[in-house]
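Just below sit the structures, each encoded as structure tokens.
Shared chain: subunit A. Partners: subunit B in the first complex, subunit C in the second.
Moving on, here comes the complex of A and B:
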């Protein structure tokens, strides 16, 4: 749980760094990321050579933002298991040989498995980049601008604020529990209900106080945000170049093209 | 059960976004009608507790392993289906954005698989009918038993529905070569076990809330909480054990021996021994049956969905040796960009 807190804190720190990518409009980044992920998802399961050039965009953006690519790979531990579980069966069921390298046949299943895993990595890289270079308030403000219901945006902001608080509280409780129960793994059966139940009850009361204090500060069903950065010419250029790159990679198989120039 | 972007085709991801968006729209409208904006902080804080609470490890007695609690069922019992659904959406969105648990484009599907079933099916088909029923007679202890049964049944059933949807969405996306039936046979039993444990933990938490503040649970105040001597922990444990045995025993027999009609059709019968090899041996276990063919044709029909985005594109679908060589060169270029970036940054810092 402390790890999760540290992760959350680290993401927040990265989001307020100073770089050309951080200065871009949040909406533009959100749109580019969504388009990128859709294009990656739309590649056929065998088109590995067409998909690989999509790697260039996140790699370039990571360099521009000054965030190390390796930071996002830590998160792969969560993404990859289910993707692998699904992908690992492809080589078993799809054994049709597509081509041979040095006498070893490569089956369609192997290609589709690698493509699937690469897709997982690429999508993670893109969405991680978005969150690592954009403060959460700005993402929420951008969401509101694209007419996401106010209630949902407010709920997102409030919950995000309290995720840190509650995780910290539960981490302290877990520590206290373990100190009193040395050598024991996890929460014992007899405390299953009361452990989380206590926090739950206290939190519901806390929420009531929170609402009262919100009302006292003049809350009228919407929050006032500091003005976010307007959509400027650099955002337009960023968006146009990104989309042009995605379209080019989607339509022209650069991997195939580059390879055929060197191999006859 | 969080799905990554890679497991879905854009068309399926989009359809799931529309479905989940519609459910969210109805929920927001409903909350606004009831003028429930004061519920907002409660929803946020409860969602945050559930988010953090899902990281706690609960020791499962006698096994040495640990389980987690089920967010959807807990939220729907505390906040009701509409507020619970919105809270679940927020939990899933934060998990996706900050912890890479589930993809950004797969969020629609994840909301459907976990929040929709957990909150709406969990409330309207399981929680509400069971709490209002006359099961176990009258009195406080009977009501507590109903809460336990509703929690366990709710978690098991909604998780089974969720797992089924994951299989369906992945198969429709044409991502996996795994036959629909075999994939299902892999996913359902795993999630049966998870659902049982999650149900037990959720039941324990809800029982605690029931003992301390019964008015906080949905429908419980409507039924009325009769005053009665507190039931000892032992009898509660006994009820938990019986429910777990009945649900677990009954459903696992059903799941491993003869999971469903489709499985039965695919593998002939339970004697086919499919549970020992998960039906991976195509030749011996009747994957060529008519149902399998149908499932396959659905897959074939839908597997071209990934190409919908740019139907006229020139890109070759397959990959050849030269393609691999080219791809390797592009990858090398990516590494080069990284090294160059590092070099320039060092220079700037110097």
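Moving on, here comes the complex of A and C:
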């Protein structure tokens, strides 16, 4: 739990690192990420060769931001298996052989499964890149600037903060449990109900106190986000290049093109 | 001036936590609210801040504490919570300090100047851009006081400001409190700190004011303190 808390804190620290990607306008990064996700999701379920080049954009951006790609996979290690599980049953339902490799037939189900997995991984990579290179407040400020309902943005920000509060309470309770249950691995199944109930009650108490503290300091359903960096020429270039790349990958199947060159 | 006139409050019907309580606090006074656990100290704070509503009349500078006047009242008061973790919810000390001034429509430029001046006066400049989750308990308590001072309140309420602090940090907090010119209401079980920072003490028990007078006099009355589950401060033993 302590580790989880430290990781949460580390996210905030990563977001204020010094790199060309960190210096980009939050709105531009948000827009590029959204477009990237839309383009990735728009690929056909059998279009694996077309989708693969989309990997280049996050990999390049990670390099530019000074954040190692492995950091993304490490931080998202809990979510990744769930994403990977998407399409796991496709090979069972879709058995039509699409092509053969060395005499082994590859079914449409396998292709669509890998495509779906790759789509999930790419979307996660892009989302993580945005969060890791932009302070959460700036993302919220950018969301508000694109006229996302204020209530939703505030909810998003408070949820982000609430995760920390809940994790802290969970850490305290887990420590207290283990100190009175020496040698026990994890929390006994019979204690799960009361344990989770207590975590919820305690974190709600704390959240209530936090909210009171906000009210007492003049909060009235409106966050005053720090001004985000103005949209400049470098942001326009970044956005234009990114969109051009997405469009090119979407329109030209580079995988197939490359394959046909070798096949000749 | 803060006035409590025949105020009563109960969480459960028939179980009064505050029972027909009356007292007043003048501008610039430093008052210690003392009493055993469950005496009603925290409830008094909540009532003053409009976080709870009871019967009777509570007013600040002639303005009643009620739902209509809440923002006006709260602008005048800064509340330092017992648990600083519950007070500091922004990522950095700087952002936390900016929170209240921006909510009260102070321009970002003026708010920054205010934050810098307060950090300098409290000798906390090195904390400015530090992450709240990375500073020590003592630093966090000082930062919590700084966030409240950034509001420029006329009245400061403090709930156990020295709890869970080591002697060194406790002394820093006490010296800081002593240097504040605002009206102060401090609840604490740390009677030595109360003796050090408050000229007046109100002793509460079972929701009633038992004694109200000079800190030195009340905190020297062994019989009175022991009767209400407290002890003489070490400085008086």
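The definition used in the following text is that the second predicted complex is superposed on the first by the 194 of 264 C-alpha atoms of A that agree within 3 Å, B and C clash if a C-alpha of one lies under 4 Å from a C-alpha of the other, contacts with A are read in each partner's own complex, and residues count from 1 in each chain.
Everything below uses one rule, namely that contacts are C-beta pairs under 8 Å (C-beta built on N, C-alpha and C of every residue); 3 or more make two chains touch, one makes a residue touch a chain.
Fair warning: this is a prediction, and the values are worked out from it, not measured in the lab.
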#### Entry: Partner, of subunit C and subunit B, that touches more residues belonging to subunit A
B
### Task
Classify the contacts of A:206 with the two partner chains as first (subunit B alone), second (subunit C alone), both, or neither.
both
### Query
Is A:9 contacted by the first partner subunit B, the second partner subunit C, both or neither?
second
### Message
Going by the contact rule set out at the top, does A:185 touch subunit B (first), subunit C (second), both, or neither?
### Response
first
### Query
Touching A:214, do we find subunit B (first), subunit C (second), both, or neither?
both
### Query
So, A:92: does it touch subunit B (first), subunit C (second), both, or neither?
first
### Task
Kindly classify A:73 by the partners it touches after superposition: subunit B alone (first), subunit C alone (second), both, or neither?
neither
### Query
Should A:82 be classified as contacting the first partner (subunit B), the second (subunit C), both, or neither?
first
### Message
Please report the subunit A residues shared by its interface with subunit B and its interface with subunit C.
### Response
8, 136, 161, 206, 210, 214
### Task
Quick one: which bits of subunit A touch subunit B in the complex? Just the residue numbers, please.
1, 4, 7-8, 11, 33-34, 37-53, 55-56, 59-60, 62-64, 66, 69, 72, 75-76, 78-79, 82-83, 86-87, 89-90, 92-94, 98-101, 109, 111-112, 116-117, 119-120, 123-124, 126-128, 130-131, 136, 139, 149, 151-152, 154-156, 158-163, 165-167, 169-170, 174, 184-190, 192-201, 203-204, 206-208, 210-211, 214, 221, 250-260, 262-263
### Query
Which residues, counting only subunit C, touch subunit A once they are in their complex?
49, 51, 71, 74-75, 77-79, 81, 83, 85-87, 89, 91, 95, 98-100, 102-104, 108, 131, 133-134, 147, 151
### Query
Once bound in the complex, which stretches of subunit B touch subunit A?
2-10, 13, 24-25, 28, 31-32, 37-38, 40-49, 51-53, 55-61, 64, 66, 69, 78, 86-87, 89-91, 93-94, 96-101, 103-105, 170, 174-179, 183, 200-201, 204-209, 212-213, 216, 233, 280, 282, 303, 306-310, 313-331, 333-334, 337-338, 340-341, 345
### Message
Which residues of subunit A touch subunit C once you look at their complex with the stated criterion?
### Response
5, 8-9, 12-13, 135-137, 161, 164, 168, 206, 209-210, 212-220, 222, 224, 226-227
